[in-house]
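Right, I'll just put the structure down here and ask away after.
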């Protein structure tokens, strides 16, 4: 990744925002197109309920979902990298499963799990499981055959090869996967909340929609984006720390 | 999560309180005042239950989740209960009638010039996803001498008012005389509407409490307790409509979904008339009503078969 | 001198393509020898080393080290592949400690042992660096140290210097020669560079047939004390021409 | 990508399907968990309306969405690879935009575009635009500097370098992007339809949901998956044809 | 003989690091010469070629070809980089036709011209193959043909054979020498291989200082008719030692 100066991006972002603000003031129908300033104002007005009720609810879904995805995804990746039968059995299914519009199944999860947190966690897991499993698995496979052979000649056990070779080699892949999965997990949580929830930013946004409160619709979406950005930043920092040996970092 | 605060704060009962989840038909409004009053006044607690209120994300959730046992009680519409039972065999029964006549109206904006159902020909009508409201529109257009196939009907989910005022649809059905209509007025639009009952649709219970058959079998006592609590809430609401309304308004204020007091007040007036009738107290249901509906729906081809009233409702409070 | 490494009547083919790479090959390497293996690309040189390491299994005949049959993965030989194959996420000392760790030594002990040897191999002060921060020659030295730390008496080096630039290569050759004299290991060395083979080895084994049934053997008429200048001697120039001649005949253009 | 034998995957798939069928028959509540056989039966029963009305409607959304995404995505990629200002201005925004839960905005698109095809196309484009733009751009950047310099010494113009170097070099990246974007476009179309439509497989699924017809919910989802698979296969064939020069194909 | 390539008082530094690579360098290369450039890694050999191609711009002084200042991208010289840099999606003939296409020739014409030359470069019958299907030596030949087809009289070759195995390398050297004699081009050739430099060139220019203010010049005492055997002559062995000595002094270990 090249190092960018962020100034031009900032300028364009400001131009876009200004355009939006002006456009919104011209259209002047807040429930169709709220202005950015109105959205910020709304976040401030609703800060209490947003930050103490809905943000924590979503955060919980995202965290539980991510943890489950990571456990299952990495687990499956390990299984596939250890057993060639598991690889042959699951990899094609995993890829094929990506064509299933899982979000369309979400209403069923509501039937199964009710409006509890689990219907949302399932959507989140279904969305984020795939990139984590596949990327981590590709990471395990990325170890050069020559490395493995070399370790074999040193008398290394399968466990040695796994611990000393596959795991470190797969870390960069794992982190890339995480950086993709994190925004997806936020989106998944929002969709899930949207389809059946009693709290959460996605739920709140939907509710504001029925009240014709345009700024209220956008305010939680804005927070969702911030949440995703925050998570990505955290992952990037962890990445920097753990794979500083990479040439390109 | 709106009921969380109250429910936790008052967990002082000595005996084991039973958790009951109630899924409303929509977001809270005047029609639900008696429930919030019952919670606030501790009527449910007296019956040894703890009621948690949920709002549906999908219009059909109160029925399906009650059937699947994911909520204890749901608020739903009488004709839709019959159709679900007849066509898909969904294991639910009605356990009490809440609103005894239709609130549902076909609403348009006055300046669109729709005066009767016939005028809907060539127009777009939004419906909230329940199959029945769609069929009602068709049946009304037909009864008025129009061609139902010329009406363009689209699913707008819960966003009835937005669809109407952004002119994405010319009219909406599933809108309530006691909610959408006053809301439109409040927002400065002049609504025009007509009543299904005027176009051949027989009287029906707009809202009933439904519960899954399994719940009815295994948890009858809890349901009875719930109904008793609801009844007490209703009595309170009847006597102190303003206070009951205030409880609701305050509750919604806290959830940042403030209701418009004037609208809800108007609504309350309309509602109180419809929640009980002569010889038919609050929550009571008559076999006749279920039979008639079932027959009419079968006639109109909306239900695949007639269903016996015993399979449709049960009066738990004798 | 006793024989350290022996091939008895060894035949081998890769299951994937079936045709024999080795056919009834006999080969003996003495203790303390420095033997070079040269031959056309794809002729089976690496295969010979892989058989010794146990990475491939003989289909007929026997490969013996110190009179015993090869067991896969017993770490009886130290194998140094063509690329340095240092693990990028490990520091220099962690890389060098790999064979020790794989033999079950505790990390702390292993690192201590590595640190003893780092200065001897000209790597003092680099223990905490990562491979990406080292030059090609230094990486080769880490790789050699790692091979050395397997503790094996027989070292198998597969074109270790082919990726180095000419000048670094010359330096590394001289350094390797010194190391060999110092530690008295047996070394089998694959190379494409004829001069390199002549400068380093006691014997040069040339692949002249495919499949390999025997290896043409040339003895280098130089003692232990040798310098690069010696390569200019007439008998060595003749040997070199002979070698190039043998190889050129075999190479498809 | 390794070549797999598909037998183990088939076996696992059959086991899963059988388990589902048996499970569904035990639960015996079709609206909660319809059995696969009931779903297939449903597709057959509804074949007329599914294949003549809803499938074409969704197909249209997917195709229009993909074409727009490709045009905009490739266009932006070209802009960024030609102008370093555009790169600095848009690339960070593009990456940041991925954290916006666009699907949560979908109800607003309905307000903006009505129940026409465009509200769904917008969702599809928003979902698929990003992978296409970023991957194609990475493809353009993937040309070795040495190649460019060599062409410079031959007196090549910027146009030559673009046509002879960047475009061919970016093709593999473009095709990978397409393979990711295609299932996403189907999912996007389904979400869009689900929020407001009069036809389409997503709409149909939702309608069946309101009718509590479990098999009817799954039938169009099954077709959506098939649609995605079909598209991926088409893209793979095109890929084989156009980048046969890759070593690993 | 007239001078084809001249550096007058050239200074150059990369803007990124600022310190001079070349400093007031003067250099003349005659028409039809084969000149080798040897020197330590990072000493600036490639930089000299890049200045001639116009890929880098002199900051002081002048680089002239046939008495005229270098214009960037005028295709006055043919540059052959170290890797073959064949475009993997183009067939052999399409690759070779690249410089012709870039000069605006129609594709059809360009391919026709390429096909004339393919057999001469030992590539007959391979026009429709892709680079991945060719051996390293053949790819180098395609790369050389491509450089040749630039039509330039001056060819700049930057370590073209360093990636080849020793035997293929020897063959390619002999082949290149023949080509040079046949086409009578002027060739500037960078290499790390001292023998290669001696075998191929009229003159060897050695980088002995950094920044480069002058190049130490060695004339190879061999005529046009030479064979590899000639490298064993005493005067050449001496030259070789001298060269290695010069280079070794400069290499940090």
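Note that the chains are named A, B, C, D and E in the order they appear, and that numbering of residues resets to 1 at the start of each chain.
What we mean here is this: contacts are C-beta pairs under 8 Å (C-beta built on N, C-alpha and C of every residue); 3 or more make two chains touch, one makes a residue touch a chain.
According to UniProt, the chain labels map to these proteins: A, D = ABC transporter permease; C, E = ABC transporter ATP-binding protein.
Not measured: the values here are computed from a predicted model.
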Smallest count of steps, each to a touching chain, taking chain C to chain D (ABC transporter permease): 2
Each chain counted as touching chain C and chain E at once: none
Centroid-based (C-alpha) most distant chain relative to chain A (ABC transporter permease): E
Chain whose Cα centroid lies at the greatest distance from that of chain C: B
Centroid distance [mean C-alpha coordinates] between chain D (ABC transporter permease) and chain B, Å: 40
Between chain B and chain A (ABC transporter permease), distance of the C-alpha-averaged centres to the nearest whole Å: 38
For chain A (ABC transporter permease) paired with chain D (ABC transporter permease), centre-to-centre distance based on mean C-alpha positions, whole Å: 18
For chain B paired with chain C, centre-to-centre distance based on mean C-alpha positions, whole Å: 85
Where chain E touches two or more other chains, by residue: none
Where chain B touches two or more other chains, by residue: 58, 64, 68, 159, 162, 166
Of all residues in chain A (ABC transporter permease), the ones touching two or more other chains: 31-32, 107, 111-112, 194, 206, 209
Pairs of chains in contact (touch as defined earlier), listed by label: A-B, A-C, A-D, B-D, C-E, D-E
Complex interface listing, chain A (ABC transporter permease) residues touching chain B: 31-32, 46, 49, 53, 57, 107, 110-115, 194-199, 203, 206-207, 209-212, 216
Interface residues, chain D (ABC transporter permease) side, partner chain A (ABC transporter permease) - complex: 4-9, 11-13, 31-33, 85, 87-93, 96, 98-105, 107-108, 111-112, 183, 186-187, 190-191, 194, 202, 205-206, 209, 214, 217, 221, 224-225, 228-229, 232
Partner chain E, residues of chain C touching it in the complex: 40-41, 122, 137, 162, 165-168, 170-171, 192-194, 228-229, 232, 237, 241, 244, 247-248, 251, 253
Of chain B, residues touching chain A (ABC transporter permease) in the complex: 1-2, 27, 54-58, 61, 64-65, 68, 70-71, 158-159, 161-162, 165-166, 187, 254-257
Complex contact set, residues of chain E against chain D (ABC transporter permease): 53-55, 72-75, 77-79, 81, 83, 85, 87-90, 98-99, 101-103, 130, 132, 150
